[in-house]
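Here the structure is laid out as structure tokens; the discussion comes afterwards.
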Amino acid sequence: MPWTKFLIDKTEPGFDEHADQEDRKLTFSEAMREGLDQSLARDENVYVMGQGVDDPSGMFGITVDLHKQYGSERVFDTPLSENGLTGIAVGSAIAGMRPVYLHNRPDFLMLAMDQIINHAAKWSYMFGGQSTVPLVIMAVIGRGWGSAAQHSQSLHGLFMHIPGLRLVMPSTAYDAKGLLTASIADNNPVIFIMHRWLFKHSSFVPEELYSIPLGKGVVRRKGKDVTIVAISYMVIEAMRAAEELEKDGYDVEIIDSRTLLPLDEEIILDSIKKTGRLIVADTDWVTAGASAEISAMVADKGFEYLKMPIKRVGWPNSHVPGSYVLEEAFYPGVDDIVSSVKEIVK
Amino acid sequence: MDITEIDKATLINLYSVISRIRKVQLRIEELYHQDNMKTPVHLCLGQEAIAATICENLTKQDYVFSNHRGHGHYLAKGGDLNAMIAELHCKETGCSKGRGGSMHLIDLSVGLMGSSSIVSGGIPLAVGVAFSSACKKDGLISVVFFGDAASEEGVLHESMNFAAVKKLPVLFVCENNFYSVFSHQTTRQLVTDITARPKAFGIPTYKADGRDVIDAYLKSKQAIEVVRGGQGPAFIECKAYRWRGHAGAGDELKDKYRKLDEWDEWMNCCPLQKYETLLLDNNILTDKIIDTVNSQIDVEINKAFDFANESPLPRKDELEKYLYG
Amino acid sequence: MPWTKFLIDKTEPGFDEHADQEDRKLTFSEAMREGLDQSLARDENVYVMGQGVDDPSGMFGITVDLHKQYGSERVFDTPLSENGLTGIAVGSAIAGMRPVYLHNRPDFLMLAMDQIINHAAKWSYMFGGQSTVPLVIMAVIGRGWGSAAQHSQSLHGLFMHIPGLRLVMPSTAYDAKGLLTASIADNNPVIFIMHRWLFKHSSFVPEELYSIPLGKGVVRRKGKDVTIVAISYMVIEAMRAAEELEKDGYDVEIIDSRTLLPLDEEIILDSIKKTGRLIVADTDWVTAGASAEISAMVADKGFEYLKMPIKRVGWPNSHVPGSYVLEEAFYPGVDDIVSSVKEIVK
Amino acid sequence: MDITEIDKATLINLYSVISRIRKVQLRIEELYHQDNMKTPVHLCLGQEAIAATICENLTKQDYVFSNHRGHGHYLAKGGDLNAMIAELHCKETGCSKGRGGSMHLIDLSVGLMGSSSIVSGGIPLAVGVAFSSACKKDGLISVVFFGDAASEEGVLHESMNFAAVKKLPVLFVCENNFYSVFSHQTTRQLVTDITARPKAFGIPTYKADGRDVIDAYLKSKQAIEVVRGGQGPAFIECKAYRWRGHAGAGDELKDKYRKLDEWDEWMNCCPLQKYETLLLDNNILTDKIIDTVNSQIDVEINKAFDFANESPLPRKDELEKYLYG
């Protein structure tokens, strides 16, 4: 049946920051799998758990067959007990392990908020820095095929509110592997959110393990008229919008935030210094989310450069609907970005 | 368990309900590849008798909460078929107006209160409805269906504890099909007898064989009589086999994760076939009646798909319409 | 022992929007209790539950002795099972009851996020409006006496991110009762967050049941130099700051948001049209919280009026510390508001 | 239970640990009204023997997670007294550098891993540490203390299930003092035998009388031997009485919520007094030794309060210092 395959096979044009490198093109999920594989090989304290990580479909390919390589003690399926298992991961991290806990959907993290927010994020602080919690929690934003309100949320806006967490949202295969390495190496709880529509996108991925520092955004496209700060899958939509806008003479700069905690404020402010205009594009509700934070940050620290209102392109005030026609109305994309740009440029 | 304990009308009705669920599931599966139902489906093939026998013991007003694998619960409780098929087609005429999709079926007119696609999510809701019934003294009971994996969620235990303390009229129905997606129960639970958990909260428990309609009916009846008696909750674990993959049509990967002895044992025992033979042997049904029943069901299903296909889609400008109550 | 009493007895000057009314001055907690009492009397579908609602201290006085009046079926203590009990409250609401579920601290709501976010907030939408969830969830922000990171959070920033919820944060006794009535009467899940330091503040409270519409802010003080949007207890701090600033010739306008979902955008924009300057003062982390949303909203819809950067006064990037000296450094107050005003005015 | 099963050194050590916890608690209570300890305290008066007997059976390296009522656990495991009293004074020299307060005690040098003030929060953490030990095969075991009300949280059940499936070396210690703040266990649980719950997950259970040091010691020993044997988790329920109010000094409102027969029964049986008499009767201790032990403790406590009082407060510019690891 189509739905799982449908989305995974969805091959939209991704983009590749090393387009000139001919060899070693991997998809996002291949890059993730490679990163996990190499991390497991490198450090015996790393282990991978989650519902279905050892099953034949292997979490959209991210974990496929890793249990065969590393044994079922280091790569294992879990009962349906998200809060308990998160606490167990935290406990093991306190004792020196480096757990990677995978979830199909961010929606399921709502069952584990007590352990994430009240425990993982606070354990270092509460005890004066004596313990650390090197834990990576992953989840994949679902989209499409009528998965509806309880299976399509992003929810990273919630995590961005909590001190002590890292929040990572890669948009390319290259970044996925590099940020994964940095996340596993970090001594703090990392929420690592992926977007399912990125999984078949491919780009150059070096074979060796490498790390992209948390807190460094990247300029995906240079331009002088307007800055778009885009998160996760919205980078793709922004790139497409920029191409369309180029035809009409708009010169768009695109910043991929890559991580939201820490947020690379400097790269954003530097860009706005030049363009004087900001659009924030997110895969989540705008209200009190990541796009609100980025906008508010600029409305304070970058106010002097701003020539026009800051626009947010993100989810409207609705839950994710089941019906595909309503999904079309729900999800913002190229058109919304294009019209927002036209609203504030010229 | 003895068939003579059940009256003929009930036996026939059970047959028709089970056959109807079966046929609806098979039709959905058959058409699913056409991509007109753009919503995940979790078929209950193999598990039909559980929903049917439980609901046969309920009144129309009694409450039911369902889960992601909810087609059978919806139909057994009397949910409107047209509205269900339309929902699978994401149409405005769907039971959730196209907002919910396959995992969110509802028909308040027959007490089908809705379903959560968060595993275990419906459990406390059912206890809450039972609390409301206890307050209102309306004599109704509340039932929640959930899977073996849902029994691993803490919220089940919290819900059972509260229901027990407050003696609420709620029946917990655990459909143990041994799997959670690809994962077998034994990798997730040491004590595979799930009824051990409710016992720890002082809740009376029952076990039924979901392949055996008579057994499932009579055990359900006992459990529901207890709940209706006002002495508090009860719990029934019904075993059955998930004939298909976790979601969608077929089970492409079944050789990669099924336990084969289990597969043989369970797949060789079709609840509907077994029941049909039993009814024929006992002269409750004749081949002719069976034909009549089944062809009526086919007609009804055809109509439902026609209805769904002809129904309008939701309007884009009504995206936010039902956000607030 | 001091700590509970200490905070409850803390009588700081509140303020009273009906200062001229001599009679019927009630404290915040008395007003809440009266509102609950009258709501229980008015509608037999209303019930009150929560850990300790029937105990001798009665939730800081809010529920004291209500169980004696209405019986232990309508006012009752619960086991420690926050997620389960929230779901139970939601279920009963679906069946027509109007539960009021009280918690000592917002921190404990983290255990119930699945039922709040995935269920309560979505139930109406997911089923095309056929069911409603008239539920009020209350929690009291703790502050002071070394309660530390797990017992002092506000966390309303999280709830503001979720469509389908109401979010109510009263700052006066008068508002407390009126907003409580509106919350119980509302057909949607309402998160009702109180601040413990407000409980002894008193103001005029009419005897009869009255309702303040959700989504209507109020101007607490008129001024023309700068707009301060203040949330909950920060209204008090802002009023004090305004008095101090007045001495130096600053004319401050203060808006009490009263509810965050819905947010009264109009009253804020109207004020900024006049002042051209905005400070948002919150009792929560600034990052991706309510203050970010209000700021982002104005940076879009009110940009043309803005003369200066938008400042946020709220919690820094730290957990709430245990030690009182660190608490002093942690909590923003009058001084921070004063200096922010001075930064952007003149 | 027979005192002769325990060697003399152990018996004496237990006396000293229990007396020390008692005295520390009483001193905190005595001085609490002075408001120098600006942090909530949850005294464990009446429950001292539980922490003492469990920890007596542990090695220094074994792991312990504690909860809000954690002073006894910390001291029994060997936590540094100076650092604890300094933490209660919110000083930089406190065991959590003044960031945690009374509910967040830690001493990693003796395996006291920390405590959560979220009721039940420490339970999965302890299971996680046990998981780590199982991976590393370090032979250590992990212990978590929690109350009767914590047993109502779903996460306990999730944690027990996982520990059982994976056969992890963790001991669940439920201190049943019958109350959660003002609320009696019987209003929150129908089955008040808490060990029914772990049994449902296949976990061996033990029950001990927290007033009776010999009983508590020998039961703890059995339970811990099972866990150390590598066969998986165990669970022990220890009953004891919370002599004071939920938090702070004294129990002003006790007449308003205590069950009086229960109060009489339990308050008339002081674990320390009973044990002292037993040791005297069996010539394990003499009055003289008792005096020596207790005056050493007094000296130590005096020093700890002096240390705390003289210690510096945290620096305001270090507010954010420990946010990241």
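By written order: A, B, C and D. Residues from 1 in each chain.
Methods note: contacts are C-beta pairs under 8 Å (C-beta built on N, C-alpha and C of every residue); 3 or more make two chains touch, one makes a residue touch a chain.
Keep in mind it's a predicted model, so treat the numbers as computed, not measured.
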Chains in simultaneous contact with chain A and chain D: B, C
From chain C, the most remote chain by mean C-alpha position: B
Chain C-chain D separation of Cα centroids, rounded to whole Å: 36
Gap in Å, rounded to a whole number, between the CA centres of chain D and chain B: 46
Between chain C and chain B, distance of the C-alpha-averaged centres to the nearest whole Å: 42
Touching two or more other chains - residue numbers and ranges from chain B: 96, 98-100, 104, 116, 118, 121, 152-155, 157-158, 161, 165, 187-189, 323
In chain C, residues with contacts to at least two other chains: 78-79, 81, 83-84, 107, 111, 114, 118, 125-126, 148-150, 163-164, 317-319, 321-322
Complex contacts: residues of chain A adjacent to chain B: 1-4, 51-52, 55-57, 77-84, 107-108, 111, 145-151, 316-319, 321-326, 328-330
Interfacial residue positions of chain C with respect to chain B in the complex: 47, 73-74, 78-79, 81, 83-97, 114-115, 118-119, 123-134, 163-164, 187-188
Chain C residues within the chain A interface of the complex: 83, 107, 110-111, 113-114, 117-118, 121-122, 125-126, 148-150, 155, 157-158, 160-164, 284-293, 295-296, 298-301, 303-304, 306, 308-312, 317-319, 321-322
Chain B contact footprint on chain D (complex, rising order): 152-158, 161, 164-165, 187-191, 196-197, 199-202
Residue ranges of chain B touching chain C (in the complex, touch as defined): 63, 65, 94-100, 104, 106, 108, 113-114, 116, 118, 121, 123-133, 135, 142, 154-155, 157-159, 161-162, 165, 321-325
